[in-house]
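Consider the two complexes below, in which subunit A is the common component and subunit B and subunit C are the respective partners.
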Partner chain A sequence: MAGPEFEVPALSEYTEVPKIKEGATAHLKSFLAAETSQSYLGYPHQLPADWKERALDRMGQVLEKYRSVRVFMDACVHCGACTDKCHYFLGTADPNNMPVARQELMRKVYRRYFTLPGKIAPWLVGAEDLTEDTLNKWYNYYHQCSECRRCSVYCPYGIDTAEITMAGREILNYVGVGQKYSSEILVKVQKIGNNLGLPGPALEDTLLGLEEDIEADTGVPVKMPLDVEGAEILLVTPSADFFSEPHVESLIGYAKVFHAAGASWTLSSKASEAGNFGLFNGNYETMRNIAMRIRDAALELGVKRIIVGECGHAWRVAYAFWNTLTGIGYGGDDPFSVELQNQLDPRYPQPMHICEYTWDLIEKGVLKFDKSLNDDRVITFHDSCNVARASRMGTEPGGQFTIPRNIIRAVANNFQDMAAETIGESTFCCGGGGGLLTDDLIEVRVKGALPRMNAYNNVVQGQGVNFLALICAICKAQFTKVLPYYGFDRNMVGGVHQLVGTAIKLD
Partner chain B sequence: MTSLTIFYTVLFYFATLVLLGGVAYRIYEYGRTPAPLNIPTTPAPTGKGGVAVRMAREVVLFESLFKSNKWIWLFGWLFHVGLALVLLRHVRYFQEPVWFLVEFIQPFGKYASFAMVVGLAGLWARRFLVDRVRYISTPSDHLMLALLIAIGLSGMLMTFVAHTDIVAVKAFMLGLMTFDFRPMPADPVLMAHLFLVAVLMIIFPVSKLLHAPGIFFSPTRNQADDPRETRHIAPWAAALERDKA
Partner chain C sequence: MPMVEVAGKSFEVDEEGYLTNLADWTREIGEYLAKDEKVELTDSHWEVINFLREYYEEYQIAPAVRVLTKAVAKKLGPDKGNNKYLYELFPYGPAKQACKIAGLPKPTGCI
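So, the complex of A and B:
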């Protein structure tokens, strides 16, 4: 890899709010999607002659379909509460990375074409014509947002820039301006079954290899079953868990937990991906199509429970949207939902997070640990944005914060939280979420990681932390890549179930 | 009737119609537009009761803003609470006899105008002093603050400095409400005050003042965190399901 062509921000004890630097990241443009993937997804791949009408038409449809977008377009008063909350603004100082300014890119167009004052006196209310320049700005800055929702915590009206970014990307796609990275992943997952584009036989080989590794390592025949009909549990996990470091360590952890619990479980080659990039681009139908693979696999295999592995945005889609999209959950009384409900075990929430599953077993005393096996580690935990601000674990609000930490404390002796204003609902994004985990956006990713890196550095320096525990595939890949830019060892990154897998006693 | 009375009579009927009709239409629009996915900003309450409490804390205490920025919270809260008391105090111009509560808060409402104007001034100062807020401020943001401050100051002028004939004002207002028209007093400060209020009423439904009804429809705040127990499905999404089935 060539050295960075940009300045890596210096670490500091507190993340200072920078003075704005107009245009600081205006040049950062993710690679555009080509014809193959765009046409598969039903989008054009270049600006059609009537692009302006198409864009405004789609915007009108989004305003009719999504109350979030409609209300958020009107409600902002420009108070400034969000201006210092985005990690990309804090890391780049580009004012268009302030959540309100990112929203304004769309709001200017909304005002011009959808509101009376914007039609009469655009100069007065900050309304602007939709031009190709507007589209360029949308493209660049809607791909400098990781849809992490931190701004929505702090907005007095709950305006969530993620909703605007999603709408912006959807409109862009409709006029042929798609992002290569997300576009190609959306094709791979639908054509092949997972985001990495790895076919079933490769998956089978990998799992067999991992079984051998575990047995060689522990002497215990821990299995990683694939496509087992009649298994009780279907585990759906991000495909990175099969092929990437350190992700695979967590997969080993899940397998050990299932083994120790004596559970009947299986992976699915059809649903070999928990991730759903449909979320990032704000297209309901694509997101639904991708989620349907899970429902289909569950019905085919006849499983009673569906458990989701360590992945942030996947857990958001699973927890908050699967019931709506695919009927995985309870409460639906239509035949579509009832069909699946009749099969699922009503004693458990559906779907369930692997951390909920493991913590439940720990509380019941089913799992035994030798915590000293993690004694070489001083661990801190990074709350992933989609888990923290868009989902839950357990029965109580905030369970998504306590349950992973409880697990870590149960399997290791040294745990140290980062500063309170950087965790929990205030957590800073890793900098690589929301479809930004691509090398063509490395500058944004590195700079956007600054607030998290500052908080991490403090516990590294102060408390000797040497392990950054995660429950998100994107966070794991992002930090593995970005940590070295800030002078840390990439091997500091790992999963919560990696820690579980290290300490668990098998027999 | 003098032309002054006719002007203000027509103006206030028009302003009232625009305000009520416009806001009602916006509320209808927000209510009609579905929220197809469960997107509360979590941690969120898991039931309706909890959502009501969360919303009340947002609307009364500006809880999220308090977490966000203490200066904006202080100025914003001062302004809104001041405005609420001042508005409540003004109810006396629209009823006879006057409710006890309105009677009771008269002295508070009188001095609340200071809180209101101080809050507005603080918010306005931020638009010049903080580079981030300066960057996002539009001409209409400044004008809105100017309008509100002008309303506040003209009102305070009549309360504390140059008293207007409030008996006549009340007669005019009650007259508008009962279609028994009375003359509009020809006090320039009063005329300015009422004119600006009418302007505010007229721009309400097409401006950022829609944040007032908007917050109640904000899905990140008004949804319960219950997606595993409840199937949220928008009519257009359900139709999609039927088409594909």
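So, the complex of A and C:
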């Protein structure tokens, strides 16, 4: 675990499109999932004899269920607009990491088995048989895509590469080729309640310790309530917020905001995870099972509001999918959904992002800050892909970009944006999203971070930036690990609510 | 799964070298795993390793980094109760590298 040897790309002022290196990352294969986790998830753990039939069968089902995937298979005209938009291609130079080429690994199989020309004259239309070699390439390269959807922004047809990667992973799982990292997490969250596998008593002990820390630090008894029935707000946050640095600093920040607002709130040991890796693997049932824990906890505790902490893909799932997955927003019409609809307070968006909550309080003048407490920091903000390109905050278009920045400006004096083509809708992934945040993929994580590191380096050198503010647990963990490879101090990384927590006045 | 041999006995580890069976762990195995990680164990390392094992026994999970830094501050002095010091002891990251040497399973999630 001391880490494999590889060459870290050199920083430069602009991220240049590299000359392609065939097979540059063909050796990067994430560890395979073991029998225990795969069978819990209802998948085989090794290739069955009839793997090809199973794979094509599942592919047919996916194409049937998700009309979008079929459209994306058909619509590409190979214009090449996506080729230089992927951080993994820019960082690795492997041509299979050009989004169009990564998609082609599936598209050529699609043509062969699901289109008429491909069935009768495959050589004319670039259709190819599904072979074990192709399947291996799917595994390698569908785990070198973080489903960040930057390429989709530039695609004239709006082809969503992430959906193709998700479909690829689902088909792979279906024939027993699962990824250890995601597979183990999907089991832990369903068995124990969070991705870490943090049991209730450990969570309780951790929260008590944090309450002690805050009181020792501020003299104010800020609480972190757990499983409080009848609380108004249920906070669902990534479990890394309980466990890791710098994540925990944001948890402290949320608690201080709730305290200052005089809010009645609680965490839940049952729903102690906002993250939902079911999204990454493109399995609707798993994603739904994981989301259901939150609905169940909300019903049991009788809360009126659900707020989501700093987690990128969790916010996508909450904002875009909870309504149809679990009836938390609108749409579900089963008795439990109806009960939840009646229970939740219609005056607020359900769910709400913690940044929306905090910004609303700032606008109302409820929160007071001593901005000078953040004066040792020159801050920039990294837009996390799932928040930036798959969701929104507030009532105005682009609220997901303005609200976090407004919060930072309200609690600190020094803020500098990175170059326009690397933020907002065009933001570069941290390099560790979509189920890639695992040590066995450290090489692709480091290389994939290159475009973001170049943009960050420019504001470090030019504007004296020394703090990279984030609203995603994956981004926090990824940058903490990757920054030192590029010569930066890992302590430059932190959360937006860490900044809030630093400056907020408590009484 | 791969096997490693320590003091004449062999033990199963996973792909990343984490001990498969928590109960197999001995001080010698800890030393072996540390060597593999290029970490030279001192008394301070052992304080951390012992605390990790005690905590795991009680809670079936490694302690959160905050819990660990507080325990270290108590045992080794307040100037050492911080994440920076833990990184000095375990350069690949206290959560993962220290857990590995202590024979605990690898923590998962967004960490």
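Quick notes
Here, the second predicted complex is superposed on the first by the 498 of 507 C-alpha atoms of A that agree within 3 Å, B and C clash if a C-alpha of one lies under 4 Å from a C-alpha of the other, contacts with A are read in each partner's own complex, and residues count from 1 in each chain.
By our rule, a contact is a pair of C-beta atoms (placed from the backbone, for glycine too) under 8 Å apart; a residue touches a chain by one contact, two chains touch by 3 or more.
Everything numeric in this text was worked out from a predicted model, so none of it was measured.
Using the contact criterion defined above for the overlaid structures, shared-chain residue A:W123 touches subunit B, although it does not reach subunit C. When the shared chain is aligned, subunit C comes close enough to touch A:G197, but subunit B does not.
Once the two complexes are overlaid on the shared chain, A:D213 sits against subunit C while remaining clear of subunit B. After overlaying the two complexes on the shared chain, residue contacts for A:P349 are found with subunit B alone; subunit C is out of touch. In the superposition on chain A, A:Q179 makes contact with neither subunit B nor subunit C. Judged by the touch definition given at the top, the superposed model places A:V100 against subunit B, while subunit C stays out of reach.
Looking at the shared chain after the overlay, A:T15 reaches neither subunit B nor subunit C. The larger set of touched subunit A residues comes from B, when the choice is between subunit B and subunit C. Common to the subunit B-facing and subunit C-facing surfaces of subunit A is no residue whatsoever. Within the complex formed with subunit C, the subunit A residues making contact are 1-3, 31, 180-181, 184-185, 188, 194-199, 201-202, 205-206, 209-210, 213, 238-240, 242-245, 247-248, 275, 311, 437, 439-440, 473-474, 476-477, 481, 490-491. Interface of subunit A with subunit B (complex): residues 17, 19-20, 63-68, 70-72, 74-85, 95, 98, 100-101, 104, 115-117, 123-126, 149, 152-160, 163, 284-285, 288, 319-321, 323-324, 327, 329-332, 334, 336-337, 349-351, 388-392, 395, 397-398, 400-401, 425.
In the complex of the two chains, the subunit B residues touching subunit A come out as 26, 29-30, 33-39, 41-46, 58, 62, 64-65, 67-69, 72, 76, 123, 126, 130-133, 135-141, 143, 203, 206-208, 210-211, 214-215, 217-221, 225, 227-234, 236-238, 240-241, 245. Note for the complex: subunit C touches subunit A at residues 15-17, 36-38, 59-61, 63-67, 70, 83-84, 87, 92-93, 95-97, 100, 107-111.
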